[in-house]
Every structure is written in C-alpha cells, then in structure tokens.
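Chain naming follows the written order as A, B, C and D, and within any one chain the residues start at number 1.
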Amino acid sequence: MRTAIFGQGYVASILAAGLQRIKEGEIGYEGIPLAEHIPESIEEIELVRAFDIDERKVGRRLSDIVSWYWNGGISFENDYTVKRGYRQPQRSSGEGGEEMLNGAMADTGLEEVVWRLVEEYERDEVEVFINLTTTENVQPFHDATELERAIRENRYDRVSASQLYFYSVTQYDKPSAFINCIPAQIANDPACVELAKRNSCVVFGDDGASGATPLTADILEHMRQRSRRVLCISQFNIGGNTDFLSLMEPERNLAKETTKSSIVHDILGYEVPHYIKPTGYLMPLGDKKFVAMHIPYISFNGAEDELTITARINDSPALAGMLVDLIRLAKIAIERGEYGTVYPINAFYMKMPGPRDAKAIPKVFAFELVRSWIGYGSIDIGDGEREKGGGTDGGEPEVSN
Amino acid sequence: MRTAIFGQGYVASILAAGLQRIKEGEIGYEGIPLAEHIPESIEEIELVRAFDIDERKVGRRLSDIVSWYWNGGISFENDYTVKRGYRQPQRSSGEGGEEMLNGAMADTGLEEVVWRLVEEYERDEVEVFINLTTTENVQPFHDATELERAIRENRYDRVSASQLYFYSVTQYDKPSAFINCIPAQIANDPACVELAKRNSCVVFGDDGASGATPLTADILEHMRQRSRRVLCISQFNIGGNTDFLSLMEPERNLAKETTKSSIVHDILGYEVPHYIKPTGYLMPLGDKKFVAMHIPYISFNGAEDELTITARINDSPALAGMLVDLIRLAKIAIERGEYGTVYPINAFYMKMPGPRDAKAIPKVFAFELVRSWIGYGSIDIGDGEREKGGGTDGGEPEVSN
Amino acid sequence: MRTAIFGQGYVASILAAGLQRIKEGEIGYEGIPLAEHIPESIEEIELVRAFDIDERKVGRRLSDIVSWYWNGGISFENDYTVKRGYRQPQRSSGEGGEEMLNGAMADTGLEEVVWRLVEEYERDEVEVFINLTTTENVQPFHDATELERAIRENRYDRVSASQLYFYSVTQYDKPSAFINCIPAQIANDPACVELAKRNSCVVFGDDGASGATPLTADILEHMRQRSRRVLCISQFNIGGNTDFLSLMEPERNLAKETTKSSIVHDILGYEVPHYIKPTGYLMPLGDKKFVAMHIPYISFNGAEDELTITARINDSPALAGMLVDLIRLAKIAIERGEYGTVYPINAFYMKMPGPRDAKAIPKVFAFELVRSWIGYGSIDIGDGEREKGGGTDGGEPEVSN
Amino acid sequence: MRTAIFGQGYVASILAAGLQRIKEGEIGYEGIPLAEHIPESIEEIELVRAFDIDERKVGRRLSDIVSWYWNGGISFENDYTVKRGYRQPQRSSGEGGEEMLNGAMADTGLEEVVWRLVEEYERDEVEVFINLTTTENVQPFHDATELERAIRENRYDRVSASQLYFYSVTQYDKPSAFINCIPAQIANDPACVELAKRNSCVVFGDDGASGATPLTADILEHMRQRSRRVLCISQFNIGGNTDFLSLMEPERNLAKETTKSSIVHDILGYEVPHYIKPTGYLMPLGDKKFVAMHIPYISFNGAEDELTITARINDSPALAGMLVDLIRLAKIAIERGEYGTVYPINAFYMKMPGPRDAKAIPKVFAFELVRSWIGYGSIDIGDGEREKGGGTDGGEPEVSN
C-alpha cells in the first residue's frame, strides 16, 4: 500500500516512526484498533511521499523531520524527501488599495497546480492519500460542478488546500483513496463524494476520531442506556502542539467546535447545555494534552451524581494508530470498488462521519460496523461465550475478495 | 406486579419512595434504564411486603423506615408493615465449651421457617421477590439435592439467609421470580438454577450492576476496541452506607472482590494487574460514595497515556432504578414461562451474570441483548439513521404475548 | 455595624440569608475565616439597604429577592427595600449619526447622583459599604483630582458605576468603609486611596479572594518551598451564575484574567506558561462552579510529576463568608482611624490586594498578617505546641481599642 | 560531608544519580527545597558507603545497583561497594518444637555487630548516616538504659534493624548525624534522643515527609484558615515500588497509618473521619505512585463544596531531593553542637517530627522554621514587598559559624 501524506507534521512523523519500529519488531500493535484483524498486513504499508508548505521541511528527508518530533534515532526503509504542497493564498490589501493574493502559487493556475501534483502521484505510484494539513475552515461546495468550476476559474479564495488536494486525487487515473483526518468537510460535502464516485476514488472522513471525543461519546451512551438525565457537559482540552496553537485562531476553532458538539444530541437524543472545545495552548504540554471532563446527571428518585474525567493523552500517536487501520481499509475498499465514501468506516474512525447527515453513533457500536464491513459477520454478543475481540482472536474473517 | 423485598434498607426504601413519586407525577423516569421501553407499566408495580431481621424495623410501617433514609415526606399507597425475616444463626462457644448456635430461629427447623414464609407469600399474593439482604459469603451447593438435604437436615451453618429465602420462593406454588441483587451466588449456583426450573421460578442474578463497575467495563471495552494495552487498573470506592460498613469485614469483602475482578480479563482478553475493591468506610459520605479510578495504557508507537476518573455516585438510587426494570422483566419472564435464569437480562443488570461460567460482557452490548430479549429485534446500528434509544423513541416492541 | 450593599445579587442574598440563620442559631460559623477571632460580634452586623439597577429588584423587599437565589424560607430582622442604583450610560449612535448616551440617569448630572445617594446613606446611617456590582472593566484615575474633575464634568463615559459609588461614599460625612469585591481597580487606584485618606474612608479591595485562585496560590507556595519547577498551569472554571455569564463578554473577562495571572509570578518568582481564566458558562451548574486545575512539575533528578485538582465550589457562599469578616474588620479600621487602604487585610481577602504594586503573597501567610493586624501578636509557630487557630481557641487578642 | 546509607534501594540510588548529575551540571536544583539557601554546598556531599541485607546487592558496585532503578548510564566519582548490613532475625519454630531465630547474624552477639559496623564507619570517616531501610514496626524503648540493656543482652527480637543502626552510630566516636527517613520511632523515642545527646549525635526524624501527606497538610491548613468544616478525608495511594509491596503486610502498614493520621487533628483542631493510608500495590506503576484525595466540606450558609486531587508522584526523587538538604543541615547541626533532635528541621522534612509529642504543623509554616534555624531571621511577610523565597533570592543568611 503505497501511501502519500499531505502535511508532514507530528502525526505523519509518529506514523512513520511507529510503522518502521513495527517492521523491525521493536514494538507491538498497541493503539492500532483492528491490528491483525484486517487481512491486509501492516508490514506492507509503505510511506512513499509527503507534501508540505513549511519551507523548513520542503526538500528535507523524512528522517530529519521525524527527529524534530521524536528522539528515538531511527532509519527508514524509504527515507523520502518532502515535496512542496499547495498553500491557499491569503487575501490582503496592496499599496494602491486593490486586493491582492499572497501565496506560494498565487501566480499559477489551479489546474496547473493539480497537474503538477498528479504527475508526482504517478511517479510515486501512490494508492492511498492522507490529509493531515492544518485545520482550516472549509466551505463545502455541495455540487460537484461548482467545485470543478471554482478550480477552472482559479478561485484561490474559494478552494482550500484540502479541497485542492482532494480534487487532485480525483484527477489521478489510478483508483485510489483520500483519507481526510482534519475537520474540513470532504466526506461530508456531497460535491466531493460525487466526484469521488465518478473518478474511482474512495473517501474516508472527516476529522479523525482520536482524542477525548470518542470517549465522551461512549460515556454518553453509557448514560443513555441507564436513562440518566445528563445536566450539562464540560470538556476542556489544552495542549502544546501546533493543532492547539492554530485552534486558538477563532475561525479555525469554530470548525472544530461544530464537529464536537454534534455528538451530544446525536447520542443522548435530547439537548444538553455543553462546553466542548479546545480550550487553550500551553507549549510545555507538547503533544500530550490535558483533558478535563465533567458530567453531572440525575439518577433515580432525583438523586444527583457526577462524573469527572481527567486524562493525559498523546494526540499524535492516537491518530497515527488509527491511520494504520485506515490505510489498509482504504486498500480493501479500492479492491472492492466501493468508491465514494464508506459510512461504516467513517462511523468508527471519524468525528464527523460522512456522508452529510449521517449521525454520530457511539464508537462502541461503530466498531462492530467496521468488523462487519470487513467480513466478520454480524455482531455476535448473545451467548455469553463471546469471541474475544481486538488483537486476541485468530478467527478468519469471512472475506471473499 | 406484587413485589416483596428481603431487606428493608436503603435500596428498598429509595425504591419505594421513587415509585410512589413517579405514580404521583412528581419525578420522571430518570435512572430507569428501559423506562417506557418495557411493555409492562411502571405504575403497575406494587410493593406489598418486606422481611427484615433488624428488630428496629420488624413491625414498623414502610413510611417510618423510609423517613430514616430519605427526608422528603411521602405517603404510600400501600404502607405495609415489615415482617420478621430469617437470620442465619452464628456459631459460638457455650459455657461448657460445647458449640452453640445463636440466632432468632436457632430452635426452629429450617423447613418450618420456609413454611412460615410461604404462608406470608400466599397471603400477600406475591409474584416477584427481591433479595436486598446484607452482603454475605455464600457457598454454592452446585447440586439441587444437596441444597434440599441441607434444608431438611437443619444445616443452619450451611444455609445462608439468601439461600433460604431463595429456597422458600421455590416452595411457593405460584410461578414467581427471585431477583438476587447481592454478591451471593444464586443465579451462579447450578443447584439454584435447577430448583428454579423444576419449580416454575425465574432467577435473575447475581449482584446488581449499579455503581462504578459497569462504567469500568464500558471504558475497558473502549480501550480494547482501540488495541490500547492497559498497564494496570486502580479503582477505589469509599462510602458511608451499611454496604461499605459490612464490606469492611474481610470475609464479606472477599465476596465482592471476586465479582469485580472478573470483568478485567473477560473484557480485555488478557491479564492486567488491578486493584478493584471497596476501599473503606467514611460515615459522612452516606449513600453517595466517592470513586476514583486510574488507567494508564500504551498507545501507538509506545506512547503512554493515562485516564483518571473520579465520581460521586448515589449507590441506592442507582440500584433502585434498575429494580424498576427487573421487576417488570421478571413479570414478562414468568408470563413466557422462561424458568431458571435468563442470561440476556443478567448480562446487563448484574455484575456476576448467571448462569455459572457466563462471561461478563461490556454493558453497552448487554443492553442490546435486553432489548432484543424484550422483542425489539436485532441490533440496528448500521444505517447512520439509528433509532433513538432508551427513553426517547416511541417504537413498539415486536412482542406478541 | 450598619451595612449597605451595591448589587443585590447572589452574594448579597446568601450573605443576608446566612447572617439571619446565624442569628437564629440555625447554622454555625462555617466559611467565616476568623469567626469569633474578631472582637466585633457577628450578630451585630446589620444589613440595612441595597442599591441595584435591575428593574425587577428596585422597590422589592430583600426577602423576595433572596427567595430567587435560596429556597430556605426565611424572614429577616430588617426586610429592607432595594433602592435604585447608578447605571453607567452606554454609548450608542442616534438616528442622525450623532453619539448618544443611554442609561437610567443620562440626563442627570453625576454630582446630583452622588448627592441623592449620600442622602440615602445619611437616612440609613450606613457605616460599611460593599461593592458587589457586576464585573466591569474600569480605567483607574491614578490622580484624585482627575477623578474629581471627571465627576464634575459629567464624564459619564469615564466614570464607572464602581467609581461613582466609591466617590459617593467619600462624600458622605460619617467615617465609613468601602469594600470592593469586584475586579475593578479601587484599592489599586492611587486616586481612590488618596481620596479615601482625605475623607475618612477605609477601602478594602480589590476582587474578593474566594474561588479557586487562593487555593492555587497556596499550592504554588507548596511547590516553591520544595523547589519543584512548575512546567505550566491550567485552571479552568465553568459555572452558571451571572458572574460567568458576564465574564463571557470578552471585555469583562480581560479584567478577570489580569487579576488571576499575577499570582503565578508573584509566588513562584519565575515565569510559567499558564492558562488561568473563567472558561465558560453552563447554566445548569448554577452557583456551584466546576474547577479543574493541572500542574505538571519537575522534581529531583529530572523526574516529572503532576497534580490534578478538580472541585465543585459554591461561589457566592465563599465570598459571603469572607464579607462577614470584612464588615467587622472595616469597623475596627474605622475605629482605629486607619483611613486609606489596609494591606494586611487585602492580602488575605482580595485577589488583587491594594495598594497598587503590592504583591500577591500566599494566602497561608496573609492569614497570619490579618491575625497580627487584629492584635494576636506575631506569628507563633515555632515551638511545636502551636496555638490552635481559626475557630477553636478562645485566646483573647491583644487588642486595646 | 561524607555520607553513609543504610538500605541501597530506590531512594539511595536516585540520590546518588541526582547528586552525580548535579556535579556534572546536567541538571539543576529541582526538588531540593532549600537548594542554594543552605550555606553548605551541594557539590560537597559525598556518598561513601551503603549497607544492605539483600544478597544480590552485598559486594556489588553502586553503579551496578543504580542501573536497576534508573537507566541513564552514569559513572560515579566514588563507585563504592555495598557492605552487608544487619538483618533482624525472625522467630520460627525448630524441628523439636523449640523456638529458633533465623537471620544472617543470629549467632553473633549484638555488640559484635555494632563493633563491626563502627569499624566500617571509622574506615570511611563517615559524618552523616541515612536510614532508608524497609519500613518496620518498631517498639520505642523510652528509656536509654533499656535500649542499652537490650543490646547487651542480645535481645534479637526486641532490637530492630533501625534501632541497631542508630545505636551503632551513637557508639561511633566522631560527632555525627543519623537521619531517619522511615516510619520507625527514633527521633520520637526519648531513649534514642537521650543517647544521641550523650554521645554527640544529631538525630533527624521520623519518616521523610515526601509524598502526598505534606500536600494534604497544607490543604487542610487552607481549609482551617477559612473555617471550612471538613466532613471527611479520603486519601488513597497506590504504587509499585518495594515500599508499597512491604506496606501490604498488615503490620508494617499499621506503622505508616499512625504517622499519617495524626496530621488531621493536629492541623484542623477537631476530629474528622478519615481514610489516609497506602491502599495497594500495582507493579506497573513502579516508583510513580497514583494518589487520589477527596475532601468534602461545609462553607458559609451550609453550602457543601468538595475538592478532589489526583496526582502522579515519583516517590524516590521526592525523598532524595529532601535528603540533599538534610545531609547539609545535619552538617550544620554537628558544627553547632546541636546534639539530640532538632524540631525545626523535623517539622518540615518529617511526617512524624520528633521529639515525641511535638505536633505536626502545616509544612508551609515549618518551612519558615527551617529558614529561621539556618539564620535567615524571622519570617518576613508583612510588607507586601516580600523577599522571594526558595531558589531565587541571593540574600545571605545571618549565619555566624
């Protein structure tokens, strides 16, 4: 599975380090949800290229960049060079008052950018693409022709980096997959899903469900099953990686907030006042964020209970571990020809599972959907002799591809 | 549903108060897992009798005793009088060195005790019995004839209060149900299950799954689904009700510990060092216990994360709310003639679900088992348009009784 | 001690309820730091008047308003009527584009407002004034003549409600005290302190030190004494009273943030990245806020430890309890003629202790300063036979007034 | 300062590693409370010998043993060999039913053991001794002659390892110091203090105040100063070092519990139900224990608040950092001829500060006692221009030795 990455930051670097260490037998399959339960082997994943817009990274070797994020000393099978990606030009005012666009490629047509990228994909024979660019507030297009027109008309202000990358992948001849891990609407934009279907492209998205939100979802389901009436929910997150830094910009934070809040009503079935959002940036916390959650609720006979959760969670490994599954599931989807987006995969791995209007369901059930999609048959929990899951049973999936 | 209770303590009193307040429209269905999803109506539950061995309670009105635990001022539809229950005599040494048995009924034959109880049941036309006596360390009999012999031979030292109560219910002509909420093996004792089957009795048990353990189970499942390797688990509980007081006696605590620890291996599928047990007694906490839980784990690329949960939980309402379901489910089981024990019910509502050797499964799945048993059909989580659960949808179950 | 209050909100209402219940022997001295260690008796505090700008409160009885905040059913010794206070007019644009001022008294000269207020004070023979108005972002005047000029020139836009109330108290003939509990600079404004000195007025302020910040201060001192290097500090607060609601307005929140952050450098002596501020508003939490704090630090040999604190704290009682001390300490200061501001009092009871440039010190030491100011002599901790403090020893202070 | 250690375990090894790294400029003074505020230089501390009874350690180099506890790769200035210490023989029954004593030196007279040890001290010219042996339940002697007689009469069963080590130090000619960091009564045994005075020996003890208890003490003082009525206190500790393992033996745990509980009444001045003790052993936690604390309390007007603290604390570095101070303070005490025990030192650094009947005071005040004892004059906190403390001010102490 030849894989390319947009955004060679923390997650991409940890993914590269972890995969290499697994291949060398240094670590096990911890943090990879389905581990050996996916027929495709982890060892066959190859990271072949990354694109980035940070000048310090462009032209640099993977091993150099990984050493900025992880100091384990490692040498890579394929120590690729990072290539220049697409930076959406920013609007500003020129001297004479006229509007100007600044950006690496403001003077290049968008279609030229796309062609250049596609050439790279062809050269590297990429099969799976992962979007790990910085969070951005993306306006969905809804209609595929709108997206196509915006590209054609060089609407720099309208086409975000994620949308351009996605579009470029659909223009690439080889059937391939685009895994969108950031809170930009791709799998949730009917325009993108339509384009994907037409052009033999699989889309997984949006916004990788690592972090505290999946835990919140499962805990809310626990409450719902007991008819406990949740009074309100606080969920604070503070960290020191660039994600938190960029989320401090109000516009980006807005994108994140929308994603996270939808789970409350989707799961509980009623409205609950809540405060769920990245709260601040503290550099010394680095990639290991601090999370605090508070959930007071009413139990039988009007009794008031409360639950408080605090956690230290390494952000990047949590997402990187999921990518090890997603790359392999993407490969299977391509082989099955399931183009467009695949809800059962998104439901477990994404915070805002596409397609548009799909609901967030408790991850605990979504997990079974994934297993069922792979071919493990329907959920089998009824006999008290339940099959051991994730990582322990050797049962063969009923896959027939 | 005419219901009798063994042990008129905190839980029984909160159950009585809550049911009465629901009937008067004062409170809603909070804390009752299946609320209106069970065809039998909550309003039709009638508490008609309780048995206790505390001399301050015997002969007293329900309303008097409830006021010791809950100061809301309430008048009961059926303000029954508590009758004397069975106290297992305790062994001690007499003056002359010979062994003696002390206890309210040491001079009465066990069969006489049983007859006296059965007469009461008949007079009150009881259908459902709930065991809420103090935690005790019970030796299972395994073979029904052994239990019968022990009764016949007046083995006071061998037959615990729970076992005697259970036996008495099986000797009662009317098809009925015995719900065992304490950590004594009844539904886990093949002897009891066999007797129940032979005598038209439904048994639910053992050890009501309120409290922190079901939450732990669901969180461990969350970990398992992500292949996070749990390093160890601490779970401290401290409270001020008689349950905690009695658990401080080492022998009783042992009974509790066994129940709680089994969940770790059952869910994760591997051994994890853990400390999960009631930790102490602090009177001022009353019925609202303090729980602290700590779970460090390994994520992808060897990253170490950790989760800490603290909670204040009202113990008695949590169990009482479940009883509102269990009484109604018992009624259904009786009507269906499902005598013996019913795993799908036990799996969700009990910490140590019978029959013997049945596994603890995550409560989040067990919940679906219950719904399926009631007649809501198989789990339907796959279309992203998932039916709203517990307490919110008005869908009719596919029951045909 | 005849006391008047600006702002009949949560704190003022809980103060009234608590004082009345103490007088009736219903509750003890919990939450009153110095309790019977101040020679002035708690029972002699009289609340005689409140001023407010909320139309629902003006003209209403104290007992009515208290019932909005506390449902205990109480009748007051002096069930005063709330009078109209001063609302600073807000700037807006008129139809013709000209600037306009809106507000209850935009057409009244500021000196007239002051005279009207002073007349009320005289009628009620007030001795102590407490400022409990809504948080506002106040610009200090620095020079007393500037403040006087702003009043004279009707600078509605420049003179905040707190400043006007303070000024009115200095224009009142009777020696009196102004206790500023909100995060507006009064005791920290040299202009106000000078005016106070000239006009026989005692000022305590600014920003009552209830809530989580004093605890943070004491914990940081604990770290400093062990040379633990604090890496960063997160402190989240979320609540449902009007304080949190108003702090969500960015301008007001700014005032609060300044107050809280100064403690870190003042106590530790070095800069630490921190995030300490009111984080959100969740109505169901009401007056009982949720606080989460996280402090990672380096110990000996480079070991990294971490401390996490979560709390549920009733905001209003915490401040109201301190007011019971402050009113009595104000009385003593007036009797001693200590006009201007009194650092030893501010150091313990205030988050931003005046005068300007005074440092925040750990509250644990500030407490001893208060005791020493009262007349309990110097700190006596050295003999291992230490006097029992707060509320338990009957030792007479060495006061000679 | 030539220092010898009884018990080459975790703390001794971390102490050795940390001191070496400080000398090499690799780390700073984090975790050393008084750091450069003690005139004696940290760099002059020399660890010259350790005694242990673990056969795997006897005869081994320091560097070997340190590598079992800390994997940093380090080479020591003085890479001493561990010598055999004293193991108190354990009583058991011989074949013929007669009582027997087993132990390394059961056949050697106690005075011979002492002489052998003293010879070692002389050879190494030791000045300061640190007791870091395993927790043991020691019976104090109260009278010095009783201790001497027990030694003379070879009362193996009566003289614990700590008591024997302490006695041996008093028999050593050179004026020296014995720092008792374990929960055995030495500084709290009048017999030991008397012997120390007579034989030019300084004793600091008992039970090093690292861990969660000093924090609890300071938080309780915070409560006391605000007259908050503490309802109860839970403090759970769980860890994976040998300390926790040994504390699981009920007898040893008892020793620990006594130490910790005394602080509650000493500080608050009233009785509070509490549960404060090492709760369990979980190997994977290693030296970094998990602590959970819960403190509900009553505030003004009967409001109920609560505080929950959880922490991850590296046990050994916390104590090792304090030892860096204690060794230097011991040197000063020897030079000043302050033989016997020194309360101002014990009050801050020890959980059960000697002499017997001395009170536990909040550590925050005890810290000032230490500074005052060193010569920094009386506590100076009153001017709002407070001197910066621990580690930041360069002020010279008023020492004149």
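A few notes on this one:
As a working rule, a residue touches a chain if its C-beta (ideal position, glycine included) is under 8 Å from a C-beta of that chain, and two chains touch if they have at least 3 such contacts.
Note that this is a predicted model, so its numbers are computed, not measured.
Chain centres computed from CA atoms place B at the largest separation from chain C. For the pair chain A and chain C, the distance between mean C-alpha positions equals 47 Å.
Centroid to centroid, with C-alpha atoms defining each point, chain B and chain C lie 51 Å apart. Chain A and chain B have Cα centroids separated by 43 Å. Among the residues of chain B, those touching two or more other chains are numbered 306, 308, 310, 312. According to the touch criterion at the top of this document, the contacting chain pairs are A-B, A-C, B-D, C-D.
Those residues of chain C that touch chain D in the shared complex are 14, 17-18, 21, 27-35, 70, 214-215, 218-219, 221-222, 224-229, 269-270, 288, 298-314, 317-318, 320-321, 324, 343-344, 347, 353, 358-359, 361-369, 372, 378-379, 381-382, 384-386, 388-393. Of all residues in chain A, those touching chain C in their complex are 231-232, 234, 236, 238, 273-275, 279-285, 290, 292, 294, 296, 306, 308, 310, 312.
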